[in-house]
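Okay, structure first, notes after.
All chains are identified by letter, namely A, B, C and D, in their written order; residue positions are counted from 1 within each chain.
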Amino acid sequence: MIASVTPREILIATIARLLDGVHHVAVGASSPIPAAGAMLLRALKARAGAEPVRISILGSVEHNFFTNGSTELFDCAGQGRIDAFFLGGGQIDGQANINLVGAGDYPRSSVRWPGSFGSAYLYFVVPRVILFREEHTPRVFVEKVDFISAPGVSRPGIHRTGGPYALLTGKGLFAFDRARPGFRLESVHPGHSLGEIVEATGFAFAHDAAPPTTALPDPAILALLRGPVLDDLQETYPDFAAQMRREIAAAADAA
Amino acid sequence: MLRMTGWEEKLDPNLRRMAERVVPGMRIALPVDYAGVSMAMTRPLIERGAGDLDLVCVPTGGLQVDMLIGAGLVRSVETSGLSLGEAGGAPRFNQAVKDGAIVIRDATCPAIHAGLMAAQKGNPFTPIRGLIGSDVLANRPDWKVIDNPFAAGSPADGPDPIVLIPAIHVDVAIFHAPMADRAGNVWIGRRRELAAMAYAARTTLVTVERIVEESLLADEITAAGVLPALYVSEVAVAERGAWPYGLWGEYGADTAELQRYAKAARSAEGFADYMRAGALEAAQ
Amino acid sequence: MLRMTGWEEKLDPNLRRMAERVVPGMRIALPVDYAGVSMAMTRPLIERGAGDLDLVCVPTGGLQVDMLIGAGLVRSVETSGLSLGEAGGAPRFNQAVKDGAIVIRDATCPAIHAGLMAAQKGNPFTPIRGLIGSDVLANRPDWKVIDNPFAAGSPADGPDPIVLIPAIHVDVAIFHAPMADRAGNVWIGRRRELAAMAYAARTTLVTVERIVEESLLADEITAAGVLPALYVSEVAVAERGAWPYGLWGEYGADTAELQRYAKAARSAEGFADYMRAGALEAAQ
Amino acid sequence: MIASVTPREILIATIARLLDGVHHVAVGASSPIPAAGAMLLRALKARAGAEPVRISILGSVEHNFFTNGSTELFDCAGQGRIDAFFLGGGQIDGQANINLVGAGDYPRSSVRWPGSFGSAYLYFVVPRVILFREEHTPRVFVEKVDFISAPGVSRPGIHRTGGPYALLTGKGLFAFDRARPGFRLESVHPGHSLGEIVEATGFAFAHDAAPPTTALPDPAILALLRGPVLDDLQETYPDFAAQMRREIAAAADAA
């Protein structure tokens, strides 16, 4: 039953698609949806007998494949050994600048967020950075961020082997065009509309007159996600996995 | 400054003695949540009351930093992030930033590691890619940008700017680890940022879950995870000394307690109440 | 180039396959005598015959480098030292230097570590103190001197020159370690220069004494000494694979054998005889 | 019996004297005489109840107190945590320049030595570097080295927290004056003479008209050296310790 696909499953399946072709993806310990997307890709590649996908979950003891302290993630990225990473932001603007520090005048921000973490480095050296933020409101997607934790684009001559690849929100999927630069709406998630997205986005973006709907996972992928991937997920994100199982059950009941 | 009386004498005398090594105006390195925070040293430090501290979070901070800020001991914080993780923002930190009560030196994780690495090597600086065009860099007049003298491109490509991070030397590094031996060798496992902190510090204070009798350097398997005594100034036992944080391979974080703190510390009064109550509990 | 026929088919097929990863003109990193030299890979490399190699000794070299030079496979050697230790000078190296048959890039140990560190961090260079006024620096046009932009002194103090070592990226790193697990995680213990080599290398080939069934990352004690599989291209078992060098925690060096080599390899003919005889022995 | 003190015992006791006041000394794995001097100092301080002396023996598995690979010695020195170290040289000149690379025109040296190892760094950052070379001939002590592995002095403005402190040979002990700069003969070992040293030294050096004889270890120190220190030494340098025991026995027989 297609109707029973949950919004989160669409996000997870979309992330797996965005990650297609990567060999090593790093995911934050508190990023269960990106982790689920990476795990789904890994399962798909394993099923197809393709080259394995490596997932490093940061801050996790069980899934910590690093042995050189918290510097190793950054070293590893600097060596070009990490193909994809996820970043969010309290604010994200149309140039793909992200703000993880605070709203208002720096440093006495009216709203203070935790801080830039590794973004000011990783955004430059990880080839495929996926911006992921479920909340899609004008508060998040602003014309210009109040503080640039990490810039979306750099002028020619700046050493940069990585940068923004896509922006995934609770309403739609955008690709980032580094040449223009700017976002282009690729697809609208089921239940949302172009008009709603324009309304909720504080920056201008390119789009077709009638953008397609975000593709739903086909039944085989959905079965993989609800089976072995959810089991994998359970080990690291037990609360999230339980919540997903409840959502899936609720969606099935409703359908 | 927060005054908390009536419970100080209940604190472990070894930890109190260690806390005496901290004097006002010192620069202190503290580890990230999951690497081994010596939460056990937090109250002795507050009792000690040495203020005007410049904290360096390696590379991010949480509960301990928030408590030291709440107690009024902190002049500045250099960090790449500060929060209570799943329990949300760090309330005393956020308030202090809003009030302009502390100087915040926003960094990015690998820049903190780069600064420690420079200190470890006796170098004045370490270069780092990235950062150019960020407001992190724009707000760090102590960082410098030079043109990479090894730039491979033709002159037509123009210069290749690169950021240099100055060495981060600290007066004291404080952390918690699973075990130490009688000689003062500390087992840090794969949390090698703890070694980086100690290399960069004049004084290193360590609390541990337990002291083992055999030398940790005696066999190569345990030796691989050891910070040698050469870098360790003092060790004291503090069982469950990272609580409510977890200690890798030993115990998990107590998220409920972190949430309790997060809620309580929204106000200065709530923070003071929490600290007082916790102190009484700890003393029982 | 040394031709040694009639024994190649006796070599371990796994090691022969690994040696095929080395192609002419590559830059190869090899560890110091006591850190885990994969002597077992030496003959497969010679049989493979990929020449014009640029060797990087981390940070010094010995028997293996001397043998590869004797076999005519080496174009240049970057090293801070090259000898057979107690068994004296490295005879084929010394002869090659005298003949001008190889390019020698004399370095100093921490400069090699600095170059590897730059590669590890994705940096174009790492600074290093010392060196100024030495002929080591004078003969390294690939190293640069800049004025430290963080110099603390007054302008009257004049500039504070500091050397920058460019990143050392290598095509292949080859070493020997006590054990690996089925996933390709290699236990290197406290010989962390082996990790530095692997971080800086595109391909890392490892021989080990044994394969263990349980994951070396499964418990924190062994994990502390692990080079993760992420950095390891291939692993093969080679018992006593460091011989006649020792392997820390496993077996000591065979000084008599090193001396036997030192004596034999004084001449090109003696070297060829030694290699042939040793090959036959190894094949028995 | 003073007469039974061996030349090596004089060297060891002199090194212990030169090291007085250091807290951490590093010694090469193939440097038994410097190691013995450091061990003697450690024993003397222990006997006096003074602050303990730490000895790091490089390349030794049993006495390896480092855990961060072969880079740690240099990092440790760069942090100012190593107070004393020993360097030798195929050639040493009157400016305390040392040559560990080769004689003749570089790079095609007529005689090639192993290489500079860490000297080009450690000479700059270890406060008390003791130059130690038993062979005292004009071949070793030259007017000017053919290759400077590490310079003895640096011009003002060069960052340098360390450098040459003394030069100990089989014939005598020199102090190094960094200001002048140059060596000054402090004492002549028993059985040798000023004239012999002038003859054997290719560079000019300052000296008194009648320099004193190098002090012999007093009986208590000698007992310590021949007892517990030799036992310590045996663990790391068994061949050397055995040789010393033979020398001591032979000297006693001769006396």
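Just so it is clear, contacts are C-beta pairs under 8 Å (C-beta built on N, C-alpha and C of every residue); 3 or more make two chains touch, one makes a residue touch a chain.
Here's who's who by UniProt: A, D = CoA synthetase.
Being a predicted model, the structure only gives us computed values, none of them experimental.
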item	value
If a chain touches chain A (CoA synthetase) and chain C alike, it appears here	B
Distance from chain C to chain B - Cα centre to Cα centre, in angstrom	37
For chain B paired with chain D (CoA synthetase), centre-to-centre distance based on mean C-alpha positions, whole Å	41
Averaged-CA centre spacing for the pair chain D (CoA synthetase) and chain C, given as whole angstrom	29
Chain centre separation in whole Å, for chain D (CoA synthetase) relative to chain A (CoA synthetase) (CA means)	61
Two or more partner chains touched - positions in chain C	110, 117, 121-123, 128-129, 148, 160, 162, 190, 195, 223-226, 248-249
Chain D (CoA synthetase), residues touching no fewer than two other chains	64, 66-68, 74, 78, 125
Which pairs of chains touch, using the document's own definition	A-B, A-C, B-C, B-D, C-D
Complex contacts: residues of chain A (CoA synthetase) adjacent to chain B	30, 59, 61, 64, 66-71, 74, 78, 100-102, 106-110, 112-125, 147-151, 154-159
Of chain D (CoA synthetase), residues touching chain B in the complex	24, 54, 64-68, 74-81, 125
Chain C residues touching chain A (CoA synthetase) - in the complex, by the definition given at the top	119-123, 195, 199, 217, 223-231
Residues of chain C touching chain D (CoA synthetase) in the complex	32, 34-35, 58-60, 79-83, 85-86, 89-90, 93-94, 97-100, 103-104, 106-111, 113, 117, 128-139, 148, 157-162, 190-196, 248-249
Residues of chain C that touch chain B when the two form their complex	110, 114, 117, 121-129, 144, 146, 148-151, 160, 162, 164, 166, 187-190, 219-226, 248-249
